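What follows is a pair of complexes built around subunit A, which joins subunit B in one and subunit C in the other.
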Partner chain A sequence: MSLELITIKMTLAVYSAATALSFVYLAYKDEKWNRWMLNLLGIGIALHLLSFAFRIHSFWQISENRYFLPINTFFGALSYLALAVCAIFFIIESRHRLGILGAFVLPWASLSLGVAVFVASPEISGLVPALQSYWINIHPMVLMSAYAAFGNAFGVGLALLVQEHQIKSRKPIALCYRLPSIEELDNLNYRIIAAAFPILTIGIIMGGVWAENAWGRFWGWDPKETWALITALVYAGYLHMRYLMGLRGKKAIYVSMVGFACVVFTFAGVNFLSELHGYLSKG
Partner chain B sequence: MQIVVAGLSHKTAELALREKLSLFSQEEIARKIKDSPIADVVFLSTCNRFEVYACGFKDGADGPEVLLRFFEGLIGKNPDKEDLYLYSGLEAVEHLLKVASGLDSLVVGETEILGQVKEAYEWAKKEGFTGKIGNILFQRALFVGKKVRSETGISVGQTSVASVAVELAQSIFGRLSESSVLVLGAGQMAELMVRHLSSQKTQKIMVSNRTRDRAETLAQNFKASVLPWENRAEALQEVDIVLASTGAPEAVLTKEMVEKSLKNRRGRSLFMVDIAMPRDIEEAVHTLEHVYLYRLEDLEHIVAKNLEGRASEIQKAKEIIDSKTAEMDEWLKALKEGRELSFKHSNRPKMRRIEASQNKGVVNEK
Partner chain C sequence: MKLFRSIRFNIILGAIIALLSALGTFLPQIETSPDKVEMYRSLHPFSFRILNFFGAFHLYQTWYFIALLGLMAFDIIVCKLWNQPPDLNATALPPENTNEEELEKHWAQREEALRLKPFQSSLDSSLGFDETFKRTKSFFKGQDYAVHDEVKTSSGAAFLATKHRMQRWGSYIAHIALVVILIGAGLKALYGFTEMVPVMEGETAAMKNRPWTLSVEKFTVHFYPKTFQPSLFSSVLRVKAGDELLGAKTIRVNHPLDIHGIRFYQASWGAAGMFRSATLNLDGTTLTLQQRVPKKIPGTPFAVEADVLMPDFTISDGRADTASLDLKNPAVRFLFTVAGKPTPPLWLFVLYPKVCLKENPDGTLEHAEVPPFSLVSVDPVLFSGIQVAYDPGYPWVIGGALLWVLGLILLFYLHRRRFWVLLERGENEKTKISIGAWSSKGGRDFEKEFARLTAEMKSRLSFNKMEA
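Up next is the complex of A and B:
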């Protein structure tokens, strides 16, 4: 087994352990679980970066791949996505002390990396000429960073639904007093989406510019393009509802969750539909 | 050396008797103790209990007998057997640890008692009443009181209707420093709730009452403003928390009023607490989105749950107390043999053994 595979499997193990601890922390009010979860998450991110370095090293052994990032495959993309979800959660936690939300966010990172390790193929091959462009270092990275942020917002939205349900039920369990308040979760969800939306938009426009260069057209209604646009429109709808109409709480969260469903479909599902963007078609 | 405690508490004695004892000033009690054979002593006087912990007696006097006479002197007659309890040796140690941990309190696990034990001990120490054993005993009690509360769920969950309401408000809004409160009614319950809320530094409190005079009195006490009764429905647009406790015969806030206000609230949550009988706020408002109506029985239900939760942790607390009582027993035995053990302030019940030479005088006190 290559060093890359060893380190990525270790990363998956560490992320999974951090996820498990986040659930322990949810159940037992003891700060030590939170500390351990964050320590493990930090170790996981470091291991993940190391694994990426190994992957880049072997990727660059093929001369036409030189200085491009290895995210042209499903494996590379899923792995980067998991890394970005964890990194963004780490940043949010360190700024807001919201380790309690780990159980709502980290499972998605573990799942993403788990699919990469157990389902996708880690094989490395030469980039097709169309992808040999500096855009491959920017366009997918920017979009997937936005996706990872939306993944965090999705977790925050789940926590909000749980909290809202607790308080509406009039019989809140102890967890209710440990989760952030409804208003805090609502604001956090909004702020993450408001920050990620422009990144998503920029990523899509960059894709257009690249398409113009590579395929001679800015927009061609390729399924990936269409679904990226739908995703952007749903989140634009959310921001509009939230900011201009003052629509908050459950309904707004449902809309943002539809947005996240679009993200997942754009990222994973469309690969089976799109000739140009499919990881599987190696287009 | 003999640790003895005598006392009476809410569990054993009538309020009248407890009140009688609580009327004595610290100085009076101190003077009476000085005139008695009691030595190395701490006394604890709260509204729920009056206890004297003695760890030594002058001239080899019989501890229990001395304390019985002491209480007789305070009460003015021979105390009833049911009123007074008397423990000696390890039972006394265990009792103190239970008291400090809140196991003997009216509300299990309440934290106030720990502060009271601390104050009582520090006062006694400052006045020179405590000796070696008393010092160690009380320091251990304070340590165990903290440990039990942090390692078991005995102090988890609010146990009063008002504090549960505040906690729920925090689960909805987070810090309450930007929340404003509308209080309908100006009775005792309203005042209690406002006291709890204003301790959270709420941004603004408005009081509205059908008779303006009473609203003004309440408002003055909490730096609140008075809102004309007719304007209460409009105020719903801007407040976050509503406390209703008027004596009105029918609802003073209808679903229609609340629904109308929601249009201008831009989705911000509205927390409503109705502790009036009959109800002040129409039950149907709870079905509106962003509106959370808690009635008195909902709050009481949460209090009952929290108390149940605390009660289920009593066994765990007792286990800690048992192990700490055993540790104290070891310490006392060693002291008798002229050795002094030192307690390690960690979670492990092990003790470091240190030979002490200069404490033999204390050991042979009795």
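Up next is the complex of A and C:
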């Protein structure tokens, strides 16, 4: 087994342990569990970066791949997505001290890395000529960072739905007092989406510039491009509804969740429809 | 007009565009996958007729889809021209748009207006009016606020402290940018063109949209080891108008040739069925054959001729066919004659030396015994697929995209804050400071900052008092 696979499996184990601790923290709200969760998450991110470095080393053994990042395959993309979800959660936690949300966010990082490790092939192959461009180091990274932020917002949205259910139920359990208020969760969900939306659109534009350089057109209604646009339209709708129509709470969360469903489809589902971007499914 | 300015209407319009766009990804589109559209037509003739009536197989070019995009652009312009800015809390408050005389007259109004601001606070200073005024202003300046609309009268003074005022333009810039991008797309649709020119290596082909010719002097393709997966393909391209050379360059993917805004891309390549040579391994010795040139096999009564190449061999209706023009599974047909008498043609494969197919007189194929020879290699004549594109709207699209990014950054990453500060002369050198504030982020996010700033200002003034 290569060093990359050993470290990525260790990363998955550490992320899973951090996820488990996040549930323990949710159940008992003892700060020590939160500290442990965050420590494990930090270790997991460091291991993940190490694994990424090993993968880059193997990837660059093929001369055509040199100085490009290995996220051209489904394995590489899922792995980067998991890393980005964790890193963004780490940033949000450090600013807002909302470790309690780990139970709603970290499972998605573990799931993403789990699918990468157990389903996708970690095999490394040479880049097709269209991908031998510096844009591969920027365009997918930017888009997937936005997707990871939307993943965090989705977790926050789930927490809001749980909290609202608790508040409306006749016998709210202790969880109700541990989770942040609905207003705080709604606000955080909005702020994450508002921060990620420009990143999403920058990523789409970068893709257009790359497509112009490689294929001679900025926009070609390829399914991957089209679904990225649909995702942007849904989130733009969410921002308008929240900003101008005062949409808040559960309804706003439902709209943002439609946006996240589009993110998931754009990331994974569309590869089976797109001929140009279909290479992602071959990894 | 009211309908077009309505946010609800525009959200519904955006949703319709999103749904239609999604539909187009599940149905093959004639521009990108004409073969799949044909397949759909043959497999589902009834639903094809219905869907085709609505233009579902060229959905993004249908009049109604383009009309919806146009309507969206129109709505954006109408909304941005007529709708009020979204920050309704930032309505003017004296001292904005007010002269000194007015200010004196409406002092009471001013206090009332301050009380309507989302955040308010007040404090007293014993530093003396002039000193308090000076230090309050310098406090805000020290916090990177711009101080303006300053008014000073006999009964008091007022000023406005703001931060990140540019933020209010974010929404306008982002929306106008979308219109600029759509103008760029319209320019491409009206005046641009795209055409694919396949050129065989060493040959010349004419363009349709310009009286120009394209010559591929040399086409090179490199493969990853033991695969037909290309690692690089490039063409030495010369573009001429008559005898005049317009441009020449070795183009490869991501590195096009640009002549007066018309760009020549290395888009594809393939094998159309011609080849320079095919090499057979005959019990350790090799025999190289040119296409359709029979050759005797030394020491035997046999003669052999290689006549057809299928670059991506497949069996269709029981007969030999090619799935694509890519060299994914190259196979060559060999015609053998024994003492002048033909035998059934055999298909041999580069990638599968243990497979041999016999072709019957009706063209159908059947498995044959593995012969004592194999196909070692084939040297196909390749064509280079040159995509020529002219997009006069591209600079607009790029300009619009940059504006769009700028607008979104202003809108979402800047946090506009306004402080209305009112100072009233009191007795015994006392000054009452009333503060009203508003923030584009609103609510709780600004609450902490407002509390911190007012507390800091209080302590600064009292500290200064002690100093004084």
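FYI, the second predicted complex is superposed on the first by the 277 of 283 C-alpha atoms of A that agree within 3 Å, B and C clash if a C-alpha of one lies under 4 Å from a C-alpha of the other, contacts with A are read in each partner's own complex, and residues count from 1 in each chain.
The rule is simple: a residue touches a chain if its C-beta (ideal position, glycine included) is under 8 Å from a C-beta of that chain, and two chains touch if they have at least 3 such contacts.
As the structure is a computational prediction, the values presented were derived from the model and not from experiment.
When both complexes are superposed on subunit A, subunit B and subunit C sit side by side without a clash. Touch criterion not met for A:A13: it reaches neither subunit B nor subunit C. By the document's definition of touching, of the two partners only subunit C reaches A:V128; subunit B does not. Residue contacts after overlaying the shared chain place A:Q163 against subunit B, while subunit C stays out of touching range. In the superposition on chain A, contact of A:E183 is made with both subunit B and subunit C.
Touch criterion met: A:R248 reaches subunit B, while subunit C stays clear of it.
With both structures placed on the common chain, the touch criterion links A:P198 to subunit C but leaves subunit B unconnected.
In the overlay built on the shared chain, the residue A:D222 is in contact with subunit C alone; subunit B does not reach it. In the superposed model, the angle subtended at the C-alpha centre of subunit A by the C-alpha centres of subunit B and subunit C comes to 140 degrees, rounded to the nearest 10.
Annotation for subunit A, partner touching more residues between subunit B and subunit C: C.
In the superposition on chain A, no contact is made by A:A261 with either subunit B or subunit C. Measuring only between alpha carbons, the smallest separation of subunit B from subunit C in this overlay is 7 Å.
The interface of subunit A with subunit B overlaps its interface with subunit C at residues 183-184.
Residue ranges on subunit B touching subunit A, taken from their complex, read 156-157, 167-168, 170-174, 265-269, 286, 289-290, 292, 294, 298, 301-302, 305, 309. Listed in rising order, the residues of subunit A touching subunit B in the complex are 29, 163, 166-168, 170-172, 174, 176-177, 179-184, 246-252. Those residues of subunit A lying in contact with subunit C across their complex are 62, 64, 125-130, 132-133, 183-184, 187, 191, 194-195, 197-198, 201-202, 205, 208-209, 212-223, 226-227, 229-230, 233-234, 236-237, 240-241, 243-245, 270, 273, 275. Residues 7-8, 10-11, 14-15, 17-18, 21-22, 24-26, 29, 31-33, 60, 86, 185, 194, 224, 229-233, 252-254, 256, 263, 265, 267, 387-389, 391, 394, 397-398, 401, 404-405, 408-409, 412-413, 443-445 of subunit C touch subunit A in their complex.
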